[in-house]
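Across the two complexes that follow, chain A remains constant while its partner is chain B and subsequently chain C.
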Partner chain A sequence: MSKNTIYINGLGSVSIQEQSRNFDLSTMLEIQQGINLAKQPSYKDLMPPASLRRMSKGVKMGMYAAKIALQESDIKTPDAIITGTGLGCLIDSEKFLELLLENDENHLTPTAFIQSTHNTVGGQIALQMGCKGYNFTYVHQNSSFESALLDAFLQIKGSELENALVGGIDEVGSSTYKNLQIAEKINTEEQLFESGVNAAEGATFFFLNKEATEKSYAEILDISIENTMDKNRIETFLSDNNIAIQEVGSLFLGSCELAVDKEYFSSFESLFPTAEKVLYKRYVGHHHTASAFGLLLAAEHAQKQVCNEKYTLLYNQFEGKDHSLILLKKC
Partner chain B sequence: MQERIVITGMGIVSAIGTSVEENLEALLKRESGLGRLSLFDSIYKDQIQVGEVKLTDKELEESLQMDLNDNYTRTTLLGIYAAKQAVENASIEDINDCRTGLISSTSVGGMDYIERYYTEFATNPQVVKYITSQEAGASTDKIANYLGLKGYVSTISTACSSAANAIMMGCRMIKSGKLDRVIVGGTDALSKFTINGFNTLMILSDSLNSPFDQDRKGLNLGEAAAYIVIEKESIARNANRAILGVVSGYGNANDAFHQTASSENGEGAYLAMEKALTMAGLESNQIDYINAHGTATPNNDLSEGRAIERIFVDKVPYFSSTKPYTGHTLAAAGAIEAVYSLLAIGHQKVFANLNFKTPMEELNIQPQTETLDLPLQHVMSNSFGFGGNCSTVIFSKA
Partner chain C sequence: MEDLKKELKVKIIEVLNLEDIELSEIGDQDALFGDGLGLDSIDALELIVLMDKDYGIKLSDPKEGREIFQSIETMAAYIAAHRTK
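== the complex of A and B ==
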């Protein structure tokens, strides 16, 4: 396998925050209890109104974040588009299902069905940009985005691709989220559940390239995803990359600060007693691809660092599953 | 040189059988598994043909000796059933004896149970457990747990090309050195959601589907699951496992033409086949058989047929679609047809394309309509999906 390096050269997001990048932890909004909707940007600056009317919320958010990430990298068409989503295009899925049930399978139209497939956002971006390259969508719960990132990482490293547009998208679907509140998986404004999260939505995209530019945020050194966790894995992961534990200066953690996953995060943190830590879900809320926003914050943080701190490590898991590690190096 | 990636196990459950052997027998006997919908009620049940797996959820649970109180959906049960077979077929005793991953695929996840209980979640505490089964990855997690697999577990959903894409990512994980072995495939149960969705697109046939026929009327939906075990050749050889075939090339491209329809000249399909041939280091005339996507929709067969004519120019290999046997099994189709491609190689047979009568006016080629004995070295399998997603995998004789 060749030793290509992989750089994050552009990023963009739609989240509960006001802007799409350049975040400052001290001024960022914090998540509210319950369900939080993403702040919708002015889409008409970036997309023609005729196509906007046909787009669902997830497609709009994804398209916008993708365009910002590419704009920043001065790239028109990427070689590949790889996305991750936990629940896919929920709004259209619910719309089609609800009409189906209400009308007993009568009077249905195809639009909602067409837009309900999990790869709608990736497909629509390809269509808009005329990108005939590789196009994958990962849908594996809380490692959906990490799976997409790993795919791009391996292809650039293995010289299958020179660059890739990678993103995570999840939208709030009112019925599904209400059901998840019934299942006590999402808090309500009134009630905190033992394993309830404060949920949100958003889209975050990255442009990855094998060449660094002056604008590069960080280098992605390695990614690891496993369905279970043992403590030795972190040390092995770092030593495989020839990095000592004390060289990791900051941690970005996908913790929902729940009792059920506390032990995973506290045992992780205990390995890095002096590292700075950021619990990014405080600023983006929980959704299956919230870790994409975590990577955005970590990449911006890495770029701004002036001291000797070279490495940033991201760790995400949910309910003891989908444990992912992403290792960044300052450019 | 890159070590070869070999296939050492396969498992399948489809409308034509609950084992690899049953599926082979039906293919050779030209027996279709299509029939009327019996799994659930639908206003279309007397108008459409579907490919149902002939086992109820309860029968699946019992044969797998599973906890009936858990929240297994039919998609999950079919997936576990086929994945277990694949692992057994490869004679793997300890799933974690080398770095093993699982990459599954599904189109609508647990929609079969979500649609059943959607209106009851607020009032019936007994069905609340199914709410989280909506996540597409939930079925994959349960398959991994059943197999006792600890490692990389992921799920792909690119509509009808999903399982072909799972095979590709599995190969990538091995080539990069991240894994030694991956169980790859897909699972999809029939649901009202997909039946109605395809019905609104007006591409469901009321009769048996007839791929590449001038008078084709559309597709029949099916349900199925299939998985193959892919390994680094050295691992397979050290364990003395039978090698069923080699993954020699693959490619994915986007048609970038329309969200659901394929371009008339089949640009995405052409690019996917071209990429796969390049990776395999093969000339187009070295392909002996194509297991086509061939859904029997007017649009797919024209687009795929044109792409095949373009890439193979004057020497188009034997080709057939096996959708008349199983129906279109959506996210599982790429895995079902991977198993059929490997059976074609293993038994040196080209399977017959059923229900074909009249060649298409727009094409100069027609599918193989009789079972054929033929020396097969390289078999190409095509899978195309919504979102312009086009995938090709080439399997070769070891």
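== the complex of A and C ==
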């Protein structure tokens, strides 16, 4: 494999936070509710109104975030579009299934069905951008985004791609999320459950390129997705990249602060006693691709770092599964 | 017939998510496809389902659909003559 380096040259997001190109953790509000909906931007500013009418919220959020991320580069059309999503286009999936029931399995309308597939967002972005290159969508629960990122990372490293647009998208579907509240997996206004999270939705995209620019946010040094995680695995990950534990200056953790997760994050943090720590789900809520927003915060943070020698490490997992590590270096 | 035309316009705006279009902007004789309202093949499928679900009319011949879906006026005339509910 060649020694191409991979840089984050563009970022874009739609989240429950106010739109920003430079998030400041000290002014961001921590979420308090069980279900948090994303703040919707003015889509008509970036997309033709006629193309918006069939798009569900997830498609619109993904398209908007992708366009913002690409706008930060000089590239008009990316080589590839790679997305990750936990539950895909949930709103259209629910609509389609509800219509099936409502109409006694007759009179099935095509729009919601066509748009309900998990790769709708990646497909729509490709149509809008005229990208006929590699287009892939990963659906791997809480490592969906990391899988998409790893794919782009390996293909750019291996010179199969020069650049890629990579993102994570998940939207709140009212029926599904109501059921998850009944199952005590998502908190309600009245009650915080032992295994309940504060859920949210959003889309976050990155434009990755093998060439750095003056605006580059960070270099992605390595990505790892694991079924289990322990001290040895973390140490090996860092030593493979010739980095000592004390060189990691910041940790971005995808913790939902549940009892079941505590052991994993505590033992992880204990390896880095002097590192700065950010629990990004306090700001963006939990969804299967919330780690994409974590990476956005970490990349912006890396860009602002004064000291060049400190690295930023992201660790994400959920209920002891879907562990991932992403290592960033200031450009 | 006028009531049916108005009903059709309301249903088309709702079913096809034509959020930015007012009832008054759709003329009875305006082309629904192409240069008129700009509907496409997915919209045609939605209209076929609408005819079946709301008026009990099953369209199976695509050539027939081309005639019927020319405008609100042609749709209303066909529905008035063939509706079963």
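In the analysis below, the second predicted complex is superposed on the first by the 328 of 331 C-alpha atoms of A that agree within 3 Å, B and C clash if a C-alpha of one lies under 4 Å from a C-alpha of the other, contacts with A are read in each partner's own complex, and residues count from 1 in each chain.
In the analysis below, contacts are C-beta pairs under 8 Å (C-beta built on N, C-alpha and C of every residue); 3 or more make two chains touch, one makes a residue touch a chain.
This structure is a prediction, so every number in the text was calculated from the model and none was measured.
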Clash or fit: how do chain B and chain C relate after the overlay on chain A?
-> fit
Kindly classify A:109 by the partners it touches after superposition: chain B alone (first), chain C alone (second), both, or neither?
-> both
Name the contact category of A:303: first (chain B only), second (chain C only), both, or neither.
-> neither
Looking at the overlay, does A:50 come into contact with chain B only (first), chain C only (second), both, or neither?
-> second
Mind working out whether A:4 is in touch with chain B, chain C, both or neither, as first, second, both or neither?
-> neither
Does chain C touch more residues of chain A than chain B does, or is it the other way round?
-> B
What is the angle, as a multiple of 10 degrees, that the CA centres of chain B and chain C span when seen from the CA centre of chain A?
-> 70
Minimum Cα separation, chain B versus chain C, post-superposition (Å)?
-> 8
Mind sorting out which residues of chain A both chain B and chain C touch, each in its own complex?
-> 106, 108-110, 114
In the complex formed with chain A, which residues of chain B make contact?
-> 42-44, 106-107, 109, 111, 114-115, 118-119, 121-122, 128-129, 131-132, 134-138, 140-141, 144, 149-159, 165, 169, 172-173, 175-178, 192-193, 196-197, 199-201, 252-260, 267-268, 271, 385-389
Tell me, which parts of chain A touch chain B in their complex?
-> 1, 81, 86-88, 93, 96-98, 100-101, 104-106, 108-110, 113-120, 122-124, 126-127, 129-141, 143-144, 147, 151, 154-155, 157-158, 160, 175-176, 178-180, 182-183, 185, 225-228, 288, 321-322
Chain A touches which residues of chain C in the complex?
-> 15-20, 38, 42, 45-46, 49, 52-53
The answer for chain A against chain C in the complex is residues 49-50, 53-54, 103, 106-111, 114
